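For reference, the structures are reproduced in the following blocks.
Two complexes come next, and they have one chain in common, chain A, joined by chain B in the first and chain C in the second.
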Partner chain A sequence: MEQKDLISFQNVYYAYEEEAEEPAYALKNVTFSVKEGEFLFILGHNGSGKSTVAKLANGLLLPTSGVVTVDGADTKDENAQMDVRKKVGVVFQNPDNQIVASIVEEDVAFGPENLCLPREEIRARVDEALRSVDMTEKRHAETYRLSGGQKQRVAIAGVIAMRPKCIVFDEPTAMLDPKGRRAVLHTIRDLNTRFGITVILITHFMEEAAQADRILVLNDAEIALEGRPREVFSEYELLLSCGLELPDTAKLGKALQESGVPFPDGILSPDEFLEAYMRLRKDH
Partner chain B sequence: MPLLEVQNISFGYGHHTPFEVQAVKDISFAIEKGECVAVIGHTGSGKSTLMQMLNGLLKPESGQVLLNGENIYQNKKTAAKARFQVGLCFQYPEYQLFAETCAEDIAFGPKNMGLSPEEIRKRVLLASEIVGLPADKLDVSPFDLSGGQKRRCAIAGVIAMQPEILILDEPTAGLDPAGREEILSMIGRYRKDRGATVLIVTHSMETAAAIADRILVMNGGRLVLSGSPEEIFSESEALLEMGLDIPSFARIILALRSRGVELPSAYTLKDAARVLSDGLRGGGRL
Partner chain C sequence: MIKDITIGQFFPGNSFVHKLDPRAKILFLIVYIVALFLCRSFFSLLLMLAFSLFTVILSRISPKMIWKSMKAILVIVVFTAVLQIVYNDKGDILWKPFASGSFAVTTGGVYGAVFLIVRIIALILLTSLLTYTTSATLLTDAIEKLLSPLKLLHVPVHSLAMMMTIALRFIPTLLREIDIIMSAQKARGAMLDNGSMGQRIKALVSVFVPLLVSSFRRASELATAMECRCYTDGANRTRLRVMRFSWRDAAAAVVLIAVSFAAVFLSFCPISTILLFQPVIS
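This part shows the complex of A and B:
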């Protein structure tokens, strides 16, 4: 079945300082769309415009020119703004900027309260959101005392409780230890597969992107590449010129090729790597 | 005499409240001049608290920090001196950046050191080039930078002081892959050119394996392991239990071993590639 577009960017330009004589565009002629239920990754060098895309997707910023639509509504349409915020939630780059209340459950309740829902509904949503990020036990804890990983989960719960159709995660694992990274990625994948929430995930970890439905690569404010992980990671030279890399497994495969081993191209996951290596051993 | 010696230091937050946390518990270690030491540990294990005690910012509740044999918390003067000798770059650049423009921010340390305006200018340009901060961002407010640009600016501010000991708390978090490589090779050059000593806190096991002569592992406020990358990463079960891991390259080798392939250990990309290609050539396989 052909899924419909949930978010679409059409020829979007964005300049933080529109008044400047020669405005520096953070986004230039960006056109792409995200289908309902999709898991899209956005990669790109520092300053390439990823966070700017996140802020445009939920109407926090409005395009300098071009159009952003959410579920068919133009984010510039003032009557649609509340609806756009409800449909697209953003977990920002630094969770400290997102946490507003001093107690965990109050923080998670903040969004639903702003939606003016009945008390029982708020209660139910907060409980469910905390459960889904495994923070029920910490619901009475003080937010400033949480570790980086716990803050990150509270920020995610706060967005889940709004029941958006789409969540944009801006580098959700940047400050996490290996276990925390795995746990948060697992939670996000669950939101997508079990609850059908559309996910846009911004990351600098190529390994994470290897599991995407689709990847969008930004370079100097423009889209440089778009496609399935296998397609994107086959463009080695282009990725390097965009300040990116291959996932570790593919890097190791490349290093083997360079040392003269006839290792196959296009190996992305560790499992594929093991299979390919075992096959080489058998063949020789 | 070691360059930096930490003797039985402890620190807690929120004393006399129901929320008291003992963040650092009785830690001791010593670092020799020129060494590169990586500190790893689960979130909340006390790494950032420990780093702040090493440069005169946060006084340990007990124990001592000795720089060239001298207690840095002896008095205000010794603590201030330590701040120039030991440059600390914070985990969250937002806590460090404050000036009107990036250039002024980077110049802050050198200015406080009483350097001449020409020298300061030179250092600002050099430092921002080293960290890859685009030149057109120098006159921009640090608050108008992207996440990774903020980190580059914060690192430049510390490099510009040219400290003898460089402490970087999660220097590669939020950096793009090219930026991560640049910062790591910058650290290498900085060590070589100046004979400097480097401490780096990181959640990336690959980074720790690639850069460190020695790794310190923190767990629940305590220093639980210290050793070469080979020694530390051979303890894969203990690391997993502490919320940590072994480098991705080492995981692949372990997985092949569990399928019956005999391979020696390797922890970095280069070593893993060599071991794996030898594994095919060995026994007349290639």
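This part shows the complex of A and C:
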């Protein structure tokens, strides 16, 4: 069965200063769509326009030209605005600047409170959201006493509590230590696989992207590359020219290829690397 | 230094004081402060102090934390006490350090100083206890509820309450940021801990400018995040916690009113003079 598009960008241009004589475009002619339940990665170096995509996806910014639709509704339609924000949640880079309340569960309740839900419903959603990011134990804790990774999980719970269809993560791990990063990535993957939430993850960490269903590479406001992880990772030169760096295993595979070893293309994880290596040893 | 500031902090707990309705707590505090300032005799003041100490014990907040908040205002307390001693010339002369001039330490001055110290301590005890036992969100909710009659005068009560929630939430964050900026500037050779007063004040500019810039950035990011979570003007928001008055509030009100009444009554009643506690401030 063909799954339907949840979010679609059609020939989207976006300029931060529209009135300027030569507007500097943050996005140029960007067209792509996200299917329901998909796990899409958007990769790009700083200033490639990837954060603009996040803000366009839930109508926080409106395209200068082109159309962004969410579940069939144009984000330019003011009547649909609230609905669009309910369907597409956004988690930003700095958890400190997303948390509104001083107590964990009160912060998670902020979104549902804005939706004017009855108290019992808010309670149920807060409990469920905290469970799904594994922060139930900390529900009465003060937000500023948490670690970076825990704060980011609280921020995610705050978005989950609104029951969005899709969550856009804008560099959610950029400010975290390796431990916090792993925990947050695990939570995000869980949301996608267990709860079926569509995920758009914007990052410049290539090694995180290996688990994506699909990858979109942005470079200088335009889409440079689109495809499955294996296809994308085999475009070695193009990725380098986009200012991105391959995961170590992929780099090693590439180096082996270049020195004449018949190593397969598009190696991503250490496990795959080991497998390919063992096969090579058997053959020779 | 900066880590010592405990104002606006909240210590979660399950005590009687924690469970009081935040609206009631604010009203109680107002009654308490008014009574405190009506006290004219040591006896009634000591009664109020005893009441506040009892409340502190009831709240099960560690005495360490209470002491911390006291320390922060120690300077002000000492300063006002000294002023009292210097400027109050009522009563008998106890000590006249200079033969010429009219400066003298009088019984009235000493009484006044001790009186003030006790009064300020009693005041700070319960005021800090309010924020220690009430989360910022509940506190601002309560203020919003108490001020809601002003809505009729088109005062944006909800927005004010939301501003307060956010301000309280960001106090620890910004304190930590100040620490980081201070370390960064010290590493670049800023004289924050030594040099003349003038130099130090100038050096502080190098702390507050970056702090101001980053606060604006934080504010803008927070506004974006709040919009993403469907915050509009907040007019019809529902709440996770609903405040309800309970028997606790009634009990606390009875005790507080009894104590305040007794304290004020004793201030103006001749019994207090019989008990050797002279009214000292006329």
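Just so we're on the same page, the second predicted complex is superposed on the first by the 280 of 284 C-alpha atoms of A that agree within 3 Å, B and C clash if a C-alpha of one lies under 4 Å from a C-alpha of the other, contacts with A are read in each partner's own complex, and residues count from 1 in each chain.
As a working rule, a residue touches a chain if its C-beta (ideal position, glycine included) is under 8 Å from a C-beta of that chain, and two chains touch if they have at least 3 such contacts.
Quantities reported herein were computed from a predicted structural model and do not represent experimental measurements.
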What does the overlay on chain A give for chain B and chain C, a clash or a fit? clash
Determine, under the contact definition given at the top, whether A:Glu142 touches first (chain B), second (chain C), both, or neither. both
Which of chain B and chain C A:Thr249 touches, first, second, both or neither: first
Looking at A:Gly158, would you say it contacts chain B, chain C, both, or neither? Reply first, second, both or neither. second
Just to be sure I read the superposition right, which of the two partners does A:Asn94 touch: chain B = first, chain C = second, or both, or neither? both
Partner chain(s) touched by A:Arg131 [first = chain B, second = chain C, both, neither]: neither
Between chain B (first) and chain C (second), which, if any, makes contact with A:Leu176: first, second, both or neither? first
Using the superposition on chain A described above, determine whether A:Tyr277 touches chain B (first), chain C (second), both, or neither. first
In the superposed arrangement, does A:Gly260 touch chain B (first), chain C (second), both or neither? first
To test your reading of the overlay: chain B has the stretches 43-51, 61-69, 79-87 or 133-141, and exactly one clashes with chain C. Name it. 79-87
On chain A, what residues does chain B touch that chain C touches as well? 94, 96, 142
Mind pulling up the chain A residues that touch chain C in the complex? 55, 58, 60, 82, 85-86, 89-90, 92, 94, 96-103, 105-106, 109-119, 122-123, 126, 140-144, 155, 158-159, 162
Would you pull the chain A residues touching chain B in the complex into a rising list? 16, 24, 44-48, 51, 93-94, 96, 142, 145, 147-150, 171, 174-181, 204, 206-207, 240, 243-245, 248-249, 251-252, 255-256, 258-261, 270, 273-274, 277-278, 280-281, 284
Listed in rising order, chain B residues that touch chain A in their complex are 14, 19, 21, 41-44, 91-92, 94, 134, 136, 144-149, 152, 170, 173-180, 203, 205-206, 240, 243-245, 248-249, 251-252, 255-256, 259, 261, 269-270, 272-274, 276-277, 279-280, 285-286
Provide the residue numbers of chain C that touch chain A in the complex, in ascending order. 10, 12, 135-137, 165-166, 168-169, 172-173, 176, 218, 221-222, 224-232, 234, 236-242
